[in-house]
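A short worksheet on the structure shown next.
Chain nomenclature is as follows: A, B, C and D, assigned in order of appearance, with residue numbering initiated at 1 for each chain independently.
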Amino acid sequence: LSDLLRGGRLAATRKDVTAFTSSIAHDGVLFRPVVKINQAHVVMLMEQEIIAQEEGRRLLQALQGIRRLAARPGLEDVHMYVEEEVVKATNDRVGGNLHIAKSRNDQVSTAIRMKLRRDLTRLVATITTLQDALLDTAGHHLNTVFPGYTHLRPAQPITLAHYLVACVDVLERDVQRMKEAYPRVNQCPMGACALATTSFPISRERVAELLGFDGLLENSVDAVGSRDFLLEVLAAVTIFATDVSRMVADLIVWSSLEFGLLELPDAFSATSSIMPQKKNPDVLEVVRARMSRIQGRFASVATSLTSLPSTYNMDLQEITPTLWAALHEAEASTKILAELYPELRVSGRPFEKAGYAFTTATELANILTRKYGVPFRAAHKAVGAVIKALVEHDGTSRDISTGLLEAAVKENADLALQIQQQDIEDALNPTRFVDAHHVRGGPAPREVTRMLKTRRRRLRSSRQWVDRKSADQSDAEERLDRESTAHEAV
Amino acid sequence: LSDLLRGGRLAATRKDVTAFTSSIAHDGVLFRPVVKINQAHVVMLMEQEIIAQEEGRRLLQALQGIRRLAARPGLEDVHMYVEEEVVKATNDRVGGNLHIAKSRNDQVSTAIRMKLRRDLTRLVATITTLQDALLDTAGHHLNTVFPGYTHLRPAQPITLAHYLVACVDVLERDVQRMKEAYPRVNQCPMGACALATTSFPISRERVAELLGFDGLLENSVDAVGSRDFLLEVLAAVTIFATDVSRMVADLIVWSSLEFGLLELPDAFSATSSIMPQKKNPDVLEVVRARMSRIQGRFASVATSLTSLPSTYNMDLQEITPTLWAALHEAEASTKILAELYPELRVSGRPFEKAGYAFTTATELANILTRKYGVPFRAAHKAVGAVIKALVEHDGTSRDISTGLLEAAVKENADLALQIQQQDIEDALNPTRFVDAHHVRGGPAPREVTRMLKTRRRRLRSSRQWVDRKSADQSDAEERLDRESTAHEAV
Amino acid sequence: LSDLLRGGRLAATRKDVTAFTSSIAHDGVLFRPVVKINQAHVVMLMEQEIIAQEEGRRLLQALQGIRRLAARPGLEDVHMYVEEEVVKATNDRVGGNLHIAKSRNDQVSTAIRMKLRRDLTRLVATITTLQDALLDTAGHHLNTVFPGYTHLRPAQPITLAHYLVACVDVLERDVQRMKEAYPRVNQCPMGACALATTSFPISRERVAELLGFDGLLENSVDAVGSRDFLLEVLAAVTIFATDVSRMVADLIVWSSLEFGLLELPDAFSATSSIMPQKKNPDVLEVVRARMSRIQGRFASVATSLTSLPSTYNMDLQEITPTLWAALHEAEASTKILAELYPELRVSGRPFEKAGYAFTTATELANILTRKYGVPFRAAHKAVGAVIKALVEHDGTSRDISTGLLEAAVKENADLALQIQQQDIEDALNPTRFVDAHHVRGGPAPREVTRMLKTRRRRLRSSRQWVDRKSADQSDAEERLDRESTAHEAV
Amino acid sequence: LSDLLRGGRLAATRKDVTAFTSSIAHDGVLFRPVVKINQAHVVMLMEQEIIAQEEGRRLLQALQGIRRLAARPGLEDVHMYVEEEVVKATNDRVGGNLHIAKSRNDQVSTAIRMKLRRDLTRLVATITTLQDALLDTAGHHLNTVFPGYTHLRPAQPITLAHYLVACVDVLERDVQRMKEAYPRVNQCPMGACALATTSFPISRERVAELLGFDGLLENSVDAVGSRDFLLEVLAAVTIFATDVSRMVADLIVWSSLEFGLLELPDAFSATSSIMPQKKNPDVLEVVRARMSRIQGRFASVATSLTSLPSTYNMDLQEITPTLWAALHEAEASTKILAELYPELRVSGRPFEKAGYAFTTATELANILTRKYGVPFRAAHKAVGAVIKALVEHDGTSRDISTGLLEAAVKENADLALQIQQQDIEDALNPTRFVDAHHVRGGPAPREVTRMLKTRRRRLRSSRQWVDRKSADQSDAEERLDRESTAHEAV
């Protein structure tokens, strides 16, 4: 514990104990916010005439002079560091007033929120970049017929662009959740002090304004003790992590030798030390693992908060580094994926393989229903029977003859049809299949083209959000600097 | 697997295998939504002239006739059940067309969303009831001076009302997150079919409208394969669970014999089979345990989704019951807490105990600074030194004399003061302390009264949201019934 | 709360509250153990002359008469049920003595352990069956050359038997962990009473012996409050679940159309309602999902226990059903896998595909080193360069000529060699590759044959363990029945 | 990717990609083991005459010369580092042979196990120290009557020593689990190479022996791909973490002002920056938070492993740092607790407070049964009725008169008794209560003294285990050095 505090109540602590409880190793990222908070607080104290102008000026000058967090043994945290530096630069009397009407409890929650709003904005920006990369890639693959899978089995033809738009939409909801969390992050706890506010006539609104917050975390007990804003962001990142892990799992499987649908860029792969023919998806595997790690980070924090007594406990200090780690892992992985996707190459012609050809079977059933009036389930059965027969005899879709199909329809629906060969060919052609699926949200190139357009628009709005929030954050900093300078000069 | 499907591809499955993979034990809750979806789908098929009017009429009549899900061995799921019942009530030809242009993949996601929007609305309503109970209770305790804790140590006096408003605010953010999740839940996947939409000229918009959705889950790959809406709701419930567990942990500790701050209502407590003097917080402990269980439910689902191949896999079937369980646990616990809080009785007069009296120490330091010009840190140190001396000699706050305090100020700030006894008494009086903390968000009764008013307003808006959503859901059902009847009659 | 208890301390509870806290819905599985515990307890009370022989006889007869747990509204738990039934069958005076020197706290922990030791034994037995199935399957595939994967890329040839033995070994460690947990489960808490034992001169050793425990959970505070035995079993099941999920993930991928290495048995697959060509791995996906659910169950319980006050809290009641659920899910999944594995058919000839052929590349490098003295890394580089060239020109391993290889060695190792064509052919032949890898633990058929033999031996010892534990459990029950009857007859 | 490998298959990777996938930041702890492994491997290669003696000598000398892991940009991992350094110190030809018959896959798993066995041994040693501290503290508190709690309500008197022995027993099972995990950790994967062993005539047994392993991780697919040993250790640490968090939660509550049972040592507490009277349990809160964090670390790794393809994937690299972090957190927290417990001071005389006195109520009921023949449940009810009446009239246990009790017995058991005042006083005296509870495992000082003795014996055996394992590890290192030197000298 800092000497500043220990004049009073307790006997001296031990160095090993301080080292154990100190947050200083993780406080670097909170240094700037803590200085800013102190500036804003002093400006407010001057305006409210709680401290003398001269005192305030000296405090502001002292704060100006602290350039960085210089860790030293026995240092408890960034809050004490800043206060000690100010006392050093002024004296006990002046510096000792910096802490009027505030506490570490409100200050640390405020500082976390200031860093978090920046990190959250940056993560949204990075996801936007990934979405952009996906849309660009999709733009090149509007006509790339691609197997659509369910249960990891080829189900029906879609296009690669269609799949990529689905990824963009999933990420869009991730972005929405992060944006919606933002206003709950960007509330100012300052003035809550230890937990009961203060009897000094402070202006909480003014501090919140100077620090660029959207409003106050009003109730002071709530202000110092709640970390749901943090858990909410972690939850959003965790959901995002599951989404990304699914995208990555697709790529790992599809770029396997056996699937052979995609070729990973060399620059994002690795070879083996002993098996020269290998091309391992190292980057994707690392992303996958980091996404799983984020799951655990959420669990860490949620477990810490469960049944924790209300208001401030040291446990709250310990959960913050986990938040930063999750955000960092999410951002770094997103960034590298944004560079990887555009480098993917489509390889192979899957629909020439026997198994894939059957993926258009539903369309054959549909045509039997639509054009020949076969009841849907009967059509389904008939086509199924045909495929079963072919699979058992190593046949392919090319072996689906009119005769075979007519016999199956007779058997399953008791209908005698004359089916045209061209209908079979049309139904089985994957490109025609895709074109025929042009209802809203379908894989047909013209529908995907339309979707691409609307996604690009949405993306622009996300980017505007990012720009606006970044500007708000920077503007607040500059405004505070100006106010601070003005007050120093008074 | 239902016989309906197996005409085709595969040899018969075994009963134990069907029992293993069947979801029928959990499908009861999806029965109504699945019937509704089929109704809406048939109406649309008729309107789009994909099926004949006569056929549509018979399908609608058959759907009307299915009253309940009658589980039978070998039954795969609710989707097959409804289809089989319709086939029974009509015939293969007519009933076989029910499945045109849809699939279990889009149908199940739609059904989950329909049930979920109801459950979510009901949970929000229940939380609103709890908030209401907290505000009512707060209304009775505006002047109930209560210790505010940090680190489970009495820190400063607040009021019970002040604390309860903090709980209301925490829950308010939980409600916000649930409300914000709602529009992402209330999107319609129908028409996505297996994953690639259909070549039939369906109107996805019409089905969405008939089922009361806010819009389409547009991209069909996304529509059948994404469960982030479900994980998001679970995340919101999980954060809510941590919040509730903290509230409950407070009550368990505060109602302990030793804290003696609150008396739990007898009706919500239990005695021991062997220790007749016990009054155990059984209800609160069960709530706490259920909140922890919800953490695990989130982990279950998140782990299931991690690295899962895109689109539909059977894993998605398995995560749904976990969602319902979490929602049920959250709602039942909330409901019982809403009944418990108003029955809490405040017991004891904590501020007469030695230790509590020192909780006003900050105010003494503040007065030294504000009135006597002692630099803040020095005032803090001086007060700390006085308390340390008293604690060591088993003194209480009543032993803080002017002389003692003046000596401490001299020692710590090198200032010779003449302190008035009245100032000390004022500072140390917890009621005066609370009154003096009247800045925004503080515990002063007039400030808490103001906050109560704004919270009541917010609560009204939450209730309106609940009413609006409930009405939307019911209206949609009725509208669909009308449309369905109209189409039957054509 | 049962009327039995409420004569005393508290006003009547409400039905909704009892329903909320009651464990009766989950207590069915504890009914038999609870009756047994009461029998053993009465026998001991008689032997220690704490109760009169006549009283003891009537209690034992009454216990004999309770056939099943008949849930009724307002019933708190199985412990009260049994006591109430005994009171009904005797009278207040006699029945009222059943609870002398015991408490629900020690009784419930004892009952859980009695059920758990059975469930654990059965799970071990079931895993043994799965291991047996794997060994049998392996026995048929000693010479089935199969690609060994790393990073989901074919790395080197192994055999299917080699892989299956690896699975058996993984499961063996799971079994070991469960066996090692058993003695910690099988300790008797009885006599700890509420938490401080009793002043009656009971014999805890005798009760433990009568119930077939290995010993006492000695310290009474530990006895009633610890659930690490339960969390440990859950941990073992959770690790097992990750192991099984990996095995299942392999099967899902390998049985895909694209990998085409294995054909799933029809009886364990499903088709799609709309895509007749599909053969979905439903059973495997459900197993995978359940394994993920088990992860969450562990998290539930671990979170519940974290920071829980020592000794008994109601939270402990709430975690028990989670344990049973996890055990049930593990057992059912294991059982179905034991039936599935032997039905797997190997399909395709992977090593005829271009990509797979390169999986013997390490052997080519090894031969260059071993026979031609090329430094290892240089050999590796040379082979890598050859493969790179071939991959770029769509060549296969058949195109690796002596000339090409010699050039690569010259380039990378500056050595001029004369390589024999036969050496290349030998190196690249996957069957020869497998044969050459006959060091301990390698894929060579003779080595795998040896490993199969040792695994069969180990399996026998596992089965003996299961038989011994089952016998111990049954013997204890019978012995208790005999003792009980003897005491009734006295 | 290191240049060493890239001569071959892939185009150059990018620096950002290498930085993303590199494990070098976490590989420091594996440096020593990796060097040792290489030494043992070379010795074996020489003995098996796979490499020339001269070559082996030079490799061993080169290995001897590598002093530390010097991270440099673009460095992939510690394995490549060591190999590159050896190549530098020798040349391509000699150094290039270091990698004969091994792979990073087997090497990394071996290195993790070597570090893990040390860390696990050290953690067991540290827990032993904590147990020792608990036993010492218990030795001073054999007669310190202390409230035993259930449901956080005082239930019955025990002694502080009795409680502390319970903690020792809980920790003992933690230690058992760790010891039982050890032999599964201490198995050698070397020789498994990439996954299929090698065609070189290596001796896997010899390498395992040189590295001090208990045996081989035999099947090579299992050897490179399994991480259950790691998850098992994490599970043991996680269970330990829940146990410790419960112990710590007890201390936090008991040292609260209100419970006032224990005084935390000043050196392990902290004061508030604004509330000089506070004495916060910072150390305990930090421990509690770290224990929760460990829960999440388990979840991270379990999620990563779930459904992971068999054998090696990069995900395995990513889970290792999580293991080290959990072990470090567990050890540091244990160490500080071992220093904290002996400094705890017992404060207050709880049994003089009204509420606590009733904690002996069971004994009063027992005496009614034992001495006066009142049926147990009736005695319970009678005592409950008396206490209820007293609580309602703010009475204390001193107000339990013979008349009151006789009346209650009459009412509840319809028995007319003449109760002696002395019996009431004896029953209600907490010290007599404790003395009377002397059955096995009970709180009576003579029974706890006996338990202390047996625990001290067990502790000695744990320490012997630690010493033996430490010696084994060091002996292996030294033996290897000797062998290595001998081979260098040949």
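Structure notes:
One rule holds in what follows: a contact is a pair of C-beta atoms (placed from the backbone, for glycine too) under 8 Å apart; a residue touches a chain by one contact, two chains touch by 3 or more.
These numbers come from a predicted model, not from an experiment.
For the interfaces A-D and A-C, the C-beta contact count is higher for A-D.
Averaging Cα coordinates per chain places chain C and chain D 23 Å apart. Centroids built from CA atoms put chain D at 34 Å from chain A. Distance between chain centres (mean CA atoms), chain A to chain C: 35 Å.
Across the assembly, chain D contributes 5, 8-10, 99, 150-152, 155-156, 194, 253, 271-280, 282, 285, 288, 292, 295, 298-299, 302-303, 306-307, 313-314, 362, 380-381, 383-384, 387-388, 391 as residues in contact with two or more other chains.
Taken pairwise by the contact criterion, the protein chains are fully connected, each one touching every other. On the chain B side of its complex with chain C, the touching residues are 1, 5-6, 8-14, 16-17, 20-21, 79-80, 99, 103-104, 193-194, 266-280, 282-283, 285-286, 288-290, 292-293, 295-301, 303-304, 306, 313-315, 317-319, 322, 332, 336, 339.
Touching chain C in their complex are the following residues of chain A: 150-156, 252-253, 256-260, 271-282, 285, 299, 302-303, 306-307, 353, 355-356, 358-359, 361-362, 365, 380-381, 383-384, 387-388, 391. Within the complex formed with chain B, the residues of chain A that make contact are 4-5, 7-10, 87, 92-100, 105, 148-152, 155-158, 162-163, 165-166, 169-170, 173-174, 176-177, 180, 184, 191-192, 194-202, 204-205, 216-226, 228-229, 231-232, 235-236, 238-239, 241-243, 245-250, 253, 288, 291-292, 295, 298-299, 302-303, 305-314, 362-363, 366, 369-370, 375-378, 380-381, 383-385, 387-388, 391, 412-413, 433-434, 436-437, 439-443, 451.
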